[in-house]
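The letters A, B, C and D name the chains in turn, as written, and every chain counts its residues from 1.
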Amino acid sequence: MAFKDYDFNDTYFATFDDEKALVTKDIQVYYGDNHAFHDGNLSFSRNKITALIGASGSGKSTYLRCLNRMNDDVARVTGQIMYRGMNINSSDVNVYEVRSHIGMVFQRPNPFAKSIRENITFALKQHGLKNKSELDKRVEESLRGASLWDEVKDRLDKSALSLSGGQAQRLCIARAIAMKPDILLMDEPASALDPISTKNIENTLNQLKKDYTIIIVTHNMQQASRISDYTSFFHLGHALEFDRTERIFTNPHVKATEDYISGNFG
Amino acid sequence: MNPKIANKIADAVIYILVAIVVIILALLIGFILITGIPHISWHFLTSVSQSFSAGGGIRDQLFNSIYLLILTLIISFPIALGSGIYLAEYAPKNWFTSLIQTAIEVLSSLPSIIVGLFCYLLFVIEFQLGFSILSGAIALTFFNLPLLTRSIQESLESVPDLQRQAGASLGLSRWKTITGIIFPIAIPGIITGIILSAGRVFGEAAALIYTAGESAPAISYSNFNPFNPASFLNPMRPAETLAVHIWKVNTEGVTPDASQISSGSSAVLIIVILIFNLGAHYLGKHLYDKMTASK
Amino acid sequence: MLSMKKALSFVTILGVSGVLLAGCGNSSKSGSSSSSSSTKITAVGSTALQPLVEQAATDYQNANSGASITVQGGGSGTGLSQVQQKAVQIGNSDIFAEKQSGIKASELKDHQVAVVGMAPVVNKDAGVKNVTMDQLKKIFTGKITNWKQVGGKDEKISVVNRAKGSGTRATFEQAVLGGATAVKAQEQDSNGTVQKIVSSTPGAVSYLAFSFLNNKLQALSIDNVKPTDANVETNKWKIWSYEHMYTPATPNKEAEKFIKYIQSSKVQNGLVKKLGYISISNMKVTKDANNKVTNK
Amino acid sequence: MDQIKAKLMKPSKETKQETVGKIISYTCIVAIMLLVLLVLYFIISFGMSTFTKNNVNLWSFLSGTNWSPGQVDAHGNPEVGALPMIVTSFAVTILSALVATPFAIAVSLFMTIIAPKHGKGFLQAIIELLVGIPSVVYGYIGLTLVVPFIRHLYGGTGFGILSGTIVLFVMVLPTITSLTVDSLKAVPRYYLEASLALGATRWQTIYKVILRAATPGILTAIIFGMARAFGEALAVQMVIGNATLMPKSLLTPAATLTSQLTTGIGNTVMGSLPNNALWSLALILLLMSLVFNIAVKFVGSKGDLNK
């Protein structure tokens, strides 16, 4: 697919004065000499769902993975990620602590090869939660939160690998929210799933919104429009536009966004 | 060529090759068992060996083989595990890492006698460990490390990265992710590595002649004090293993029944290895099921 | 996961000690074993002599509680070099120290503990039972290459030598070849292997210690002298050698006591014979390192 | 709020765990490297003394064909020509690896792709069994079965490179097979499925996708197999004839570096020329296996799809 040459300076970032959970300033990502992502300046509002959309290779996943420093080992990331008034993109900051506040769900379901229960308790135990009844409570809470409880409550000690794709992905969500994070990052969580599972996941996300700030990468525009409050459009390693979702999908400011939304790309 | 025909031919070739291998292996093992089993008796398994008269058994050699294996694994497995983890998880992909790997692989091509002599000079003489099971275990560690490290590394590497990312995203340390999540999945592969290296321990003779020695002094099986020289648990006593015994009776054995002892011992060795392998697979499966909740 | 933790801490300890060990190894090259407890004796060397010494050691330890004797193989060369370096108390050898390159015989004390006779052996197929000394020499120097040249079947001779530097080969070549070089051929280093190869390979010829002769192969008489203990004792049969136990010039007391035990008539008339050796005390002649034979 | 901030700035249990873990794994690899370096140092220092202390010419050592350490030739130089052993070692190692590899790949494919249900348990059990059989036993079986077989087939004594190759083939088969199985297993399952779904036949999939993806692993398997062949002594020594002659064909007795080494080492005195010459053989062995290793890796890096 040949892209039109868009002007990367033709950008539009709407500002809203609600409370921010996470603010990034001037994020750059380099793989070796390759400057893979440019000038990430976005703010994410608390208890809202923000969708990051764009074509494959637009850098939205790369950007997302910076937010809980999953790129630490593979790339060089500069710029600031402000969380609770601190720049967490710094080697002084305890990366494990960051990740327990900013959880992540991946594109392909990746439950641990352990029982359903242990999938949830493994990290909790590691973070110091030993009390059995408290652990059981967390298991139930988080599975309910991920709308999975009713389906698995009778087989908590069975292997998580026996779950279907959609169930496994919801288990991964439950695993992430069991840590009681502030923010949930989701990297195309439904792209590997069938429509019914996708629907389930979307319902789950709507439920979760009241407790979490969610940032979700998706290439599915309908999905973005269905579930998100804000949307940002990414193109070729640049974030070009940020606005309310309905605005992006009805009347975007930037030409590239408009072309992408209307399917006129290339 | 028509791909369908090529497919048929390829299948046929593979089946033929597999059949040849199976025939060879069956012949080999059948030969050892058929010539050996008639000489195995309760007496053979439970009496001490004789140096010049007939009717000697292999009690001590059999125990020594197993004890040596355990000691060797205790020494070599942790080192191999640590190194395997380093190579699979921490090592940067650069020339230095491949240098390390090449060095380890070259180590495995050294003739066992060289390693035996090296360990003799360094451990038996220099560090005064004497001819002992411990010296033998150290020598065998040299053989075990390359293969064991390699198979641990491969088993860890074959676990999908998604698992590592999941661990990291939950704020787990990489070490915890490796030991708690990746390692259990890799258990079956690691067990295979252990079995292969255990085979090497069971079968090795040349390196042990200079380290664990080729004599089996009388030991007592009721003495559980590992520091008592007569105790069967003492790692500092010289110990002839079954493979060394087979080597000895075949080369300089003067007992009239040398060839019977040799075939009997070979058959016993095969059976012991078989039991060990099955046991290891079973234990590995059990451990894997327990740690991964799969049934 | 407790066991995992234990295992891992064990790794650390081992790793660290490994590093330390390696460190010492490089620095203390000279610290040879000066401290050997008074009763602990190690004898290494000749694999042929090992069964005798090992069995004698077992009997000796049963009779003398407190004595601790370890007997190991490794080859005559190893035995001599280790006793010369004083790494062990006794070096067992099939060969005179004078004949082993790299050994200063004057620093060692020779204790002869047994005599071993050797006989040429052929595969039964060859159809030969007796040869002359000259024919035997020509066979092993490659001048005679077919058994029919010595009255046997029309079959190619395939020579199996013993390992270079081994006592058996030195003895045989001294007695038979008299300085000529043996033909380049197979080399095997143990009696057992040679026994099996000669009995299974048509046309094969080699030589074995008397105790390894059996009915699957044909031992040759030389000039109609049969390879028997009695003929060795009178030196009518020329191919024989001593089994030596070398100690440093000033031997360890316990080691000396043990060697005395082996030389005692109890062992000489008992174990030595049972193991197929010839007793030292029965010999009517003596032989020195240069193969000079004198009557007793 | 401030509590969380403080936590973010402080090292946690995980940080400590990670440090400990790194220390453990680094220590292990350093320990292995020290062991390797120690052995290498040992062999190199002993092996070089033939040339430094005994003043043997390196070239005549490598190209000479007469091996009688302890004796001197007409010019007073020791007769230590290692070429026959070098050639033989090369020959048996390469031949046995060449013969074993197709069998090993066939068996591995059978175990992982073609008949994983029936093939796996049984074949794996046998293969794991084979590793534990002592060399001596292989040697005697070779002597009782292989050598007479070759003798009946081709005449001569039956001892030679061919018999050595056959015995080594069986001995390296388990090593190559089990490591190949590992690397085939590491090829993601969806490669296979994707290729089959595109309408490729099973063989096309195996040949073009699976084997290609597993190439580096298979090459490592071959390296380990050749290493085993190189280092093997007792078994080869009994069937190859162990004569330090230049091999004229696959059927004449010959000797490998390792078999000479093992035969001679117990009968020579440390520090003397015959002993040093044996250590030089070990050094050559080491260098040759290094060369093999690098060569195979080089070939492998060309066929590697991941690059």
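A few comments on the model shown:
We adopt the following convention: a contact is a pair of C-beta atoms (placed from the backbone, for glycine too) under 8 Å apart; a residue touches a chain by one contact, two chains touch by 3 or more.
If you're wondering where the values come from, they're calculated on a predicted model, not measured in any experiment.
Of all chains, the one whose CA centroid is most distant from that of chain A is C. By number of C-beta pairs in contact, C-D leads over the other of A-B and C-D. Each chain gets a centre from the mean of its Cα atoms; for chain A and chain B, those two points are 48 Å apart. Chain C and chain D have Cα centroids separated by 32 Å.
In terms of their C-alpha centroids, the spacing between chain B and chain D amounts to 17 Å.
A separation of 77 Å divides the Cα centre of chain A from that of chain C.
Multi-chain contact residues of chain D, defined as those touching 2 or more other chains: 14-15, 24, 27-28, 31, 35, 38, 140, 262, 265.
Among all residues of chain A, those that touch two or more other chains are 96-98, 126-127. In chain C, the residues that touch at least two other chains are 8, 11, 14-15, 18, 25, 47, 73-74, 78, 189, 193, 196.
Of all possible chain pairs, those that touch are A-B, A-D, B-C, B-D, C-D. Contacts from chain D toward chain B in the complex involve residues 14-15, 17-18, 20-22, 24-29, 31-33, 35-40, 42-43, 102-103, 106-107, 109-110, 114, 119, 123-137, 140-141, 145, 170, 173-175, 178-179, 182-183, 185-186, 188, 200-204, 206-207, 217, 220, 223-224, 226-228, 230-234, 257-258, 261-262, 265, 282, 285-286, 289-290, 293-294, 297. Within the complex formed with chain C, the residues of chain D that make contact are 23-24, 27-28, 30-31, 34-35, 38, 68-71, 140, 143-144, 147-148, 151, 157-159, 237-238, 241-245, 253, 255, 262-275.
Interface residues of chain C facing chain B in the complex, by the touch rule stated above, are 1, 4, 7-8, 10-11, 14-15, 18, 21, 24-25, 28, 31-33, 35, 42, 47-48, 50-51, 54-55, 58, 61, 68, 70-74, 78, 82, 87, 189-193, 196, 211-212, 271, 274-276. The touching residues of chain B, counted against chain D in their complex, run 3-4, 6-7, 10-11, 13-15, 17-18, 20-22, 24-26, 28-29, 31-32, 78-83, 85-87, 89-91, 98, 100, 102-115, 117-118, 121-122, 142, 145-147, 149-151, 154-155, 157-158, 160, 171-176, 178-179, 189, 192, 195-196, 198-200, 202-206, 243, 246-247, 250-251, 262, 266, 269-270, 273-274, 277-278. By the touch criterion stated above, chain A contacts chain D in their complex at residues 84-86, 88, 92-94, 96-98, 101, 126-128.
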